[in-house]
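In the two complexes below, chain A is the common chain; its partner is chain B in one and chain C in the other.
This part shows the complex of A and B:
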């Protein structure tokens, strides 16, 4: 049995292909304006990596913000359930998940089966999201993948008083103009993000084990700050960006078996 | 089976009187020969209203003022306000200043039903009656009050029958179908509305309930005011069945009869202070008990708690209610809206995930 999970987020799209319980292949592509096209691109790439054809897939579940516009999916399930499912597969002891995505953040609680028991999402606000990190990297002229590492060089945090992406951007610009090192600004930005997501986590309550998924899990600067606040060492998979798509694929397997 | 809303417009023969709160005693307004109409917001982005009321005030209130300011409420020569909450009092303040009316009144509704408050409220109702009589040159007699009580009670009686049908496990009534009927009940002439509802109930009780394709979780929507049936539809399009609405545009305003015996004014006061409370009333315990009662009666699997941005009473009540619900293991989802459809896209993911986590 071969199944696929497709996660169409606001900034990136991922496809995971499972053969029974094994991850056959995956792909990560940037989301364009057309969600259906992104889904196709991501899936084609994953198929290529697995060296199989579209006809080999028995069942597909779509998730993420663009889940309803994946034309070839059999069903769709929200990314909240999928992240819990995916995290539970990777770390069966997980009880709390922080998903830090492109345009939103979610704190999710789940039981031993990976079923969601409670969750909280950020409101209409980009603070603490991938988009926020992108904006900051752009302001400071540092590649997105380097901001985590750079921030670790800071001796202290620059004071970023606002977690609002728009305000924080202008704060970062003025700090930069007044000669504050980039590493300190980034460290301050990461502190602001961590405070924000910590508040979100507190809304659902934190119980170990604790997993961070989503693209920001690749930012070592943010992870360090979040870990300090939470007081638990976060578990992060090798590729945290595909946890949602993996969850969708696991649901696809269950639904296909049920018929 | 469709409910026909056609021709439920208020007759031109009767002067209209606008009301904004479900604590307004419609009986007195009917007895005065007026046509009470509950006014709903526009659901649109607020334009000029924001220049007169600060933007961190209840969007329902701001939307109403915007409508009035733009001339959309010019047919309402008469208005009754209630000191429902601080935002509503601010609305009364600006309204009095900028909008021309023949008759404008604010009713001071107490927040508890103790004996002294009841006496006070009776006095408030007598003051309203005196002002209506003097300024609109009408007679409000014990007989006309009793007749109005019977009329409004009849509406409540009919809704009770409808609610009994919704309580059944195999009910195939949709919330998105019932909700507009409740909205209409508060803004249509009761005489013709009652006939329409009576007919509707007869027809739906005649049709055999068909078992629904797949079982759906039964939801209670709790909150202050929701004016858009689209919100209920969003929940049902996501896979739920909305069976009860603890809203001021829902069942809590339609429950509790006015006694047809004894002094009619006292009977009215008793009913309004004792009906299922909203968050403006004192004591969360009473509100929680009424929510818990609904959960048991209607077989609820999950609660969607909807608050309006900047609604202090509701936002203060919510965490306390949530705590109680969690203690009883009843899942609750909090959604915050601004009386427009702007947040509906965001709601979809939250609602979808909530329904996926429910056990039913």
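This part shows the complex of A and C:
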């Protein structure tokens, strides 16, 4: 049995292909204006990596922001359920998940079966999301993948009082003009993100083990700040961006078996 | 323009029923009567009094003045094409965009001359100070008097007596501003009508509690807050009776409000007032029904027609919109148990301190009885702030979570 999970987020699209319980392949592509096209692109790449064809896939479940416009999906399930499922597969002892995606940030509690028992999401604000980090990287002229490392060079945090992407951007510009090092501004930005997501985590209650998924899990600066606040060492998979797609693929396996 | 809206609405409903009598429904009956009320409000034919939602409308109906509460008209105006313009007017006049959408809509439309001039305005200290401030502003716009009704937070004999006297003063104030005299017999008759409506409502809510429920997620939306406008009138009885008959016939035909009902929900505070697909999505994708709205509840005893002021005072004090958070939370838990709900959705209307201030306490009390609560961030009135995709994700995830756990009952 070969199944696929497709996660179409606001910034990236991922496909995971499973053969029974084994991950055959995965892909991560940048989300374009057309979600259906992104889904196809991600799936084509994953199929190529697995050296199989589309016809080999028995069942597909779509998740993420663009889940309803994946034309070849059999069903769709929200990314909240899928992240819990995927995290449970990777770390069976997980009870709390923080998913920091492109435009949403979710704190999820789950049971030993990977079923969601509670969750909270960010409101309309972009703080704690990939978009927020992108805006900050852009203002400071640092590559997105380098902002985590750069922030660790800071001797102290610059004060970023607003978690609003628009206001924080203005604050960062003003700090730059006053000669504050970029590392300190970034450290301050990460502190603001960590405070925001910590509040979200507290709303659902934090219980170990604690997993962080989503693109921001690759930002070591944010991870360090979140870990300090939570007081637990976060478990992060080798590729944290595919946890949602993996969960979708696991659901696809279950649904296909059920018939 | 607004008068035309209500006239079109009235004739549209009447024509639809004439064309297809089977399409008549209690919801249409309610819409028809609210359109007629709107027509009266905007035709300048009546003595109009703007009032807050806790003001006794049956007493005003008995005086033959036309009462309407400000939030109601705001929810009507938002569905008109000019809705967004009114919000912009309010913001251009200096009203902060994160204040309550009901009051922004009201102020914006009043400043544009779209709210008919009343003889008097009446506001209560409950449910919120924002509402009181909006009424004060309206009174200034209209250059009319504002009567403020002080509703005690707790029910005590002393508090009830004070409020009863205050309601009497209110009636005198209405008389002096409109020239309408409060006739004893009409007041008695109005109270008898109110009691009849109350009894029918009580029976409607009992029917709605059945599993599966005969109501769908739309039948009783805004019901408990809008129907009091018709308290004291024959029309109020007719509307309530039509709902009761409909639910009774569904039960007789073994027909639930949502076919194959699987999930029972409570909606806290108020509904989203502009067109959206959320309730239909709940029904279609999850066979989920909103079986109870927080405000669809009878918290008061029948009113003694011979001594109505005491009963009216008790009713206002006991309203879910008045009193301590502790009392509100207890009431919500009681409803959750009575209706055997699987989950509650709290829209957390933007800018509403009264409604959202209790969020954490509601969550923890519901958790104790095993009922999860989904807190959204919705401006229930201003569609410019509506991100349907984001809300759908949250609601769908909530439904998936409910489906994967055992029922609390």
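As a working rule, the second predicted complex is superposed on the first by the 259 of 259 C-alpha atoms of A that agree within 3 Å, B and C clash if a C-alpha of one lies under 4 Å from a C-alpha of the other, contacts with A are read in each partner's own complex, and residues count from 1 in each chain.
Going forward, a contact is a pair of C-beta atoms (placed from the backbone, for glycine too) under 8 Å apart; a residue touches a chain by one contact, two chains touch by 3 or more.
Note that this is a predicted model, so its numbers are computed, not measured.
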item	value
Joint occupancy of chain A by chain B and chain C, clash or fit	clash
Partner chain(s) touched by A:123 [first = chain B, second = chain C, both, neither]	both
Which of chain B and chain C A:81 touches, first, second, both or neither	both
Doubly contacted residues of chain A, that is, touched by chain B and again by chain C	65, 77-81, 115-119, 121, 123-124
Chain B contact footprint on chain A (complex, rising order)	65, 77-81, 115-119, 121, 123-124
Footprint of chain A on chain B - complex, ascending	331, 336, 343, 346, 349-350, 352-353, 356-357
Chain A residues within the chain C interface of the complex	65, 77-81, 104, 115-121, 123-124
Of chain C, residues touching chain A in the complex	372, 375, 377, 385, 387, 389-390, 393-394, 396-398, 400-401, 404-405
